[in-house]
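So, here come the structures, one by one.
Here chain A shows up in two complexes: once beside chain B, once beside chain C.
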Partner chain A sequence: MLDKFFRPKSVAVIGASTHPNKVGHVILWNFIRGFKGSVYPVNPSHDTVLGLKCYKTVKDIPEDVDLAVIAIPAEFVPSALKDCGKKGVKHVIIVSGGFSEIGRNDLEDEIEKIRKKYNIRVIGPNCIGVFDAYSQVDTLFMPRYRLERPRKGRISFVSQSGAVGSAILDWAAAKGFGFSKFISYGNACDVDEVDLLDYLEKDKTTGVIGMYIEGTRRGRELYNSLKRITKKKPVIVIKGGKTKAGSKAASSHTGALAGSARVWEAMLKQSGAIIADDIRRMFNYSRLLAEQPLPKGKRIGIVTNGGGFGVIASDALEKYGLELANLDKKTIDVIKKHVPEYAVVKNPVDLVGDADAHRYEIALDALLEDNNVDVILVLILFQTAGVQSEIIDIIASKSDQKKKPIIAFSAGGDFTQVHMRMLEKVGVPVFDSLEEAADAIKKMYLYSVSVGNAE
Partner chain B sequence: MLDKFFRPKSVAVIGASTHPNKVGHVILWNFIRGFKGSVYPVNPSHDTVLGLKCYKTVKDIPEDVDLAVIAIPAEFVPSALKDCGKKGVKHVIIVSGGFSEIGRNDLEDEIEKIRKKYNIRVIGPNCIGVFDAYSQVDTLFMPRYRLERPRKGRISFVSQSGAVGSAILDWAAAKGFGFSKFISYGNACDVDEVDLLDYLEKDKTTGVIGMYIEGTRRGRELYNSLKRITKKKPVIVIKGGKTKAGSKAASSHTGALAGSARVWEAMLKQSGAIIADDIRRMFNYSRLLAEQPLPKGKRIGIVTNGGGFGVIASDALEKYGLELANLDKKTIDVIKKHVPEYAVVKNPVDLVGDADAHRYEIALDALLEDNNVDVILVLILFQTAGVQSEIIDIIASKSDQKKKPIIAFSAGGDFTQVHMRMLEKVGVPVFDSLEEAADAIKKMYLYSVSVGNAE
Partner chain C sequence: MYIREMKLIEKYGIKTAKTTPVKTIGQAKQFIEKTGFPIVIKVDTDKPIHKTDVGGVKILENWRDLAQFEKNVKKIESSGVNVTGFVMQEVVSGVELFIGGKRDPQFGPVILFGLGGIFVEILDDVSVRLAPITKSDAKEMVKEIKGYPALSGARGLKPIKMTELINALVAVSDIITKNRNIKEIDINPLIANEKHVKAVDVRII
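So, the complex of A and B:
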């Protein structure tokens, strides 16, 4: 039902503009750049925009239009929406603001009437709309130099706040995280978080769903959808406005009745959703669950080239209720045979400062074979010259076996950051905080337990 | 007494090498590049190294030598140290490994005898030594493309682990954090964490001390030093090996008796030290305490251009026991006069998505004047085109007044990251997690209370 929002064959951009600073210009440019279907600019003042023939109204477009994006001042939106109805467009994203969020409920009511009359599904108004990494539907009207677009991947993210959503997407893109879909639904005059969850439930390229939500008008349905979906796919939720101060702020922001923190927390927990305390943690959980197989248990094997980080990792894992695996004697023997005497072959396996990628490979292979190890945490310090970039390929090839979750940690400046992004891009989640790595592994483990994959 | 480690007039690099991969080469190169005093390579196999006349032994150097750095295989270290003694060198950093950490206590005992005989102070062995951002003493032997060096600043950091230290320094440099001194003291055959703390207590360019420690041989002295120093300067400690698993790992790492977690925690708390759970948090606290004035209370004023982040910030602040300031009526009136009607002038002050730097300036000025506001948290989303780079100058100029702590938050990709680094470099601590910002503000507030500056 909502599929045309993400996989339309043809798109009209209403409000397409020749002025580079205009929202309608940026959106048209996005479509021309990435989208494979037909794109039609609509604007009565132009004959052509960005080299494309421009139409006076959507009704003048000679072909069928699957999706229209409306980016014009609020007062003109009802009339444009009516044109869409007459043209037979069934899916419309209204990015324009100036509706109920500033007290113009009258305008929003008008939209509601028109969309019902013509049986149109609407995302918005007052939103930044949709980004689909696969189809390159992209209504985000922030310039690409400010808001980078992420690579293809398995995380989809639904945000009630456009600003939160855009910052997250930009940040995630720079980090190398992979996305399927992003949706900012704004005032939700029609399509809301429940509709979107239900759609993403069946979306094949969505492996994990993330969500920023301040309030809902459909608590019961939201609960039911979450309850059903979390059995198939992890859903990770950041609830904005869960304290008194936050809930006050939320009511001036989205006007959402943020509701009692306790009620929300109880609801989310019972529904099987994973609650994230902040945005980074939401992505920590998402990345692990999207990219790695579920663990069979909570016994962690650590490999490192810096003893101190082995210590910090051990502390963090224990703090989060995880266990350091008791390595099998065979594992220890195999590793010992191939590493220098001064390496410390226990758990953490300390390959010491002069370790190269080869030494890592031996340790990783051994831990993958060891039935006492459920999850592998590999710490890599790129400050020492021994570790060459080939370590990326080695870790990727182990991770690609999908036998056990492999999670990486590193910390450092530009040289390190480049390698962290490379790891992320080949599907190995990499952390710069061992505390956060432990927290994420714990959440992954708990999800694995909840779906009957681990004890 | 330890001053010559950080401000020598002349330095000998024993083990200076013509081979770019050798430790002694990297160290010599570091000194030539940044250090303003005399530099003497020592190596019996070379006549010149990196264009400098090379001496057979340290004794052959015609002038006095304040500091010698020894970077040769362990077995040759005692003899080189003896030469230092004969030459009258009183400060020696031994970066070489291969001593007690691999069971060669005999070699370390020999060093101890020699250094006592000649009255030499030794840092190391088995360490990466010293980096001083002011004097450019730099014995870190990791290549600069892998380990970036931080700018001058007020944070000093003492690390028992070389790997932890080097990763931290590299990471901090890339983030734009400012340092005074970094010391990795390794096996601590002579100079240990207590000596270094006592030195940093009086060091004028050190405003905040950070510390990574797994164990100590001088618990009582450490406590006394901390107790005394924390009254003057904040000391932030990461204790490695505070869980059972971590403490086991620590004993194979530094051989340190990590000691009971409870005893350590009680000792650190009673001493007035700030305990950090991980490295990032240590820097969060350090940056705030190094760069910003202490707050007079815990009432926070928030300025944002994205409502959702105002909500998340409010949640985070309340979670950490901080308060949203009740803005003075005058503050609200002043801001309202200068911003569009659709801006939400409460706390958080939501300047909304089209805010420019000017709008931020008005809000910041008003909050600086408002006696109900103790700390200003300014959230900036660079994804929208309204915010130009001039906002950096504006925030910096408010921060430079040192009237109240100003802390920034932003989140995003490369464009945002560049601006975050700029803010950091002009002394405005900037976070990419509101949770962490709230945590750090709380710690700053508690320190302010502990020194009688806030209630």
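So, the complex of A and C:
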């Protein structure tokens, strides 16, 4: 039912403008850049916008319209929506604000009446709408030079707040994290978080669902959906308004009721959702779960070219209740042949300071073969001269086998940062904090246990 | 009313402390002459009150305690609450727990569990689930509270009868999901020892 929001063949942008600072201009531009279907600007005061013929109303468009995006002042929205109804448009995203969130419930009720009459599904109002990395549906009214769009990937994110959502996208793009869909649903006069979760449950390009939520009007349905979906795909939730101060900000924010923090937490836990305390952690969990196979256990094999970081990694893993794997004798024998005599081969495997990409490859292959190892944590310090850029390809090729989860750690300045982004882009989650890496591995392990993949 | 509430939870399989209703303090005296001290006496009232807070519950060690209790009863009555009778109850010793059931405005029926008394108040040590719960949910709820070692036999304490506690949690979940007219249920205290888990007091709204 909601598929046309993400995969329409034709789109009308109502409120398309020639002024570069107008929301309707940015949205139209986004569609022109990436979207493969037909795009129709609608605005009674222009003949053309961005080189496209502009229509006075949506009814004047000669072809069928699958999706309309409305970006005009609130008072004009009802009549634009009515036009959509008459035209037969069944999917509408209303980005305009100025409805129930500022007390204009009358305007929102009017929208509700019209959409019911014409059987239209509506996302919004008061939202930034939809971004789909595959179809390039993009109603985000932030220009691309200000807000980068992330690469194609398997994470989809549902956000009650547009601001939280757009910051997440920008950050994800900069870090090289992959996305499938992003939806900001605002006041949720029709399509709400439950509808969207149910849609993403069946969406083939969504492997992991992230969610920012402040309140819900359908508590039980949300619980039931989460309970069902988490058995198939991990759902990671950031609950806004946990504290008393946060709740107060939330109720004046989107006009939704925030439930008592304790019941929310219980509900999420019971439903099998993964709770993230902040956006950074949400990404830590979701990129691991999106990019890597689920582990069969919690025994970690560490490979490093710096002894000290091996020690810090061991401490962090222990703190989160994970175990250092007891390496098989065969693993140790293989690696010993390729490292200097003074290197002590045990877990963590210290390839020592002059390690090159080849040495990493030997160690990674050995750990992938070793039945005592469930997860591989590979530490790379790019400061040493031995490590060349080809290490990215080597780790990527091991990761692509999808045999065991491979997670990387690195820390350093510009040279390191470039390589970290490269790793992330080839689907190897990379951390600059071993503590955060351990936390994320733990969450991935617990999810694996919950779906019966690990003990 | 009090007896009716006890009967309801018994119907769902929760054990209760042996409770006998009497009409008057005079009848209470006769009862004690047969059973002896110590024994617990509680007021039964026409509307639900926090009995402990107003002195409506007392462990009687001797006749002087009963006289003191009579004074409390007068005070309760002067506050406008109608004392309809009394219940005599066996003394149960063990760890004080509570099980609560409520209806959350957003999520519907929920179950709460924790150690009773000061632990709830001071440590905020409560676990919560949406009802209905399964036995494994109930087990998780018990293990989740910080006071769990006090139930599992830490430091030479005898472990409590865990199966009965799990059953009691599932029973309260059944009660709140099956009885739409019940807004709130509060079994407090529920006393647990190595032999059994018994409800000593229950409030239903």
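As a convention for this text, the second predicted complex is superposed on the first by the 455 of 455 C-alpha atoms of A that agree within 3 Å, B and C clash if a C-alpha of one lies under 4 Å from a C-alpha of the other, contacts with A are read in each partner's own complex, and residues count from 1 in each chain.
To be clear about the criterion, contacts are C-beta pairs under 8 Å (C-beta built on N, C-alpha and C of every residue); 3 or more make two chains touch, one makes a residue touch a chain.
Fair warning: this is a prediction, and the values are worked out from it, not measured in the lab.
Chemist: Have a look at chain B and chain C on chain A after the superposition and call it: clash or fit.
Modeler: fit
Chemist: Between the C-alpha centres of chain B and chain C, what angle is found at the C-alpha centre of chain A, to the nearest 10 degrees?
Modeler: Nearest-10 rounding gives 90 degrees.
Chemist: In this superposition, which partner touches a larger number of chain A residues, chain B or chain C?
Modeler: The partner with more contacted residues on chain A is B.
Chemist: Output check: A:Gln270 vs chain B and chain C. Expected answer is one of first, second, both, neither. What do you get?
Modeler: second
Chemist: Touch check for A:Tyr223: first (chain B), second (chain C), both, or neither?
Modeler: second
Chemist: Let me test your reading of the model: by the given contact rule, A:Lys232 touches which partner, first (chain B), second (chain C), both or neither?
Modeler: After superposing on A, A:Lys232 lies clear of both chain B and chain C.
Chemist: Have a look at where A:Lys116 lands relative to chain B and chain C in the superposition and call it first, second, both or neither.
Modeler: neither
Chemist: A:Ser166 in the overlay: touching chain B, chain C, both, or neither? Say first, second, both or neither.
Modeler: Only chain B is touched by A:Ser166; chain C is not.
Chemist: After the two structures are laid over each other on chain A, how near do the C-alpha atoms of chain B and chain C get, in Å?
Modeler: Superposition on chain A places chain B and chain C at a least C-alpha distance of 15 Å.
Chemist: Common interface residues of chain A with chain B and chain C?
Modeler: none
Chemist: Taking the complex as given, what residues does chain A use to touch chain C?
Modeler: Interface residues on the chain A side: 215-216, 219-220, 223, 257, 259-260, 262-263, 265-267, 270.
Chemist: How about chain B: which of its residues touch chain A in the complex?
Modeler: Interface residues on the chain B side: 21, 102, 142-143, 145-148, 159-168, 170-171, 173-174, 212, 214, 238, 240-246, 248-250, 252-254, 277-281, 305-319, 323-324, 342, 344, 346, 348, 350, 353, 381-385, 410-417, 432-435.
Chemist: Considering only the defined contacts, which chain C positions touch chain A in the complex?
Modeler: By the definition above, chain C touches chain A via 104-108, 110, 126-130, 137.
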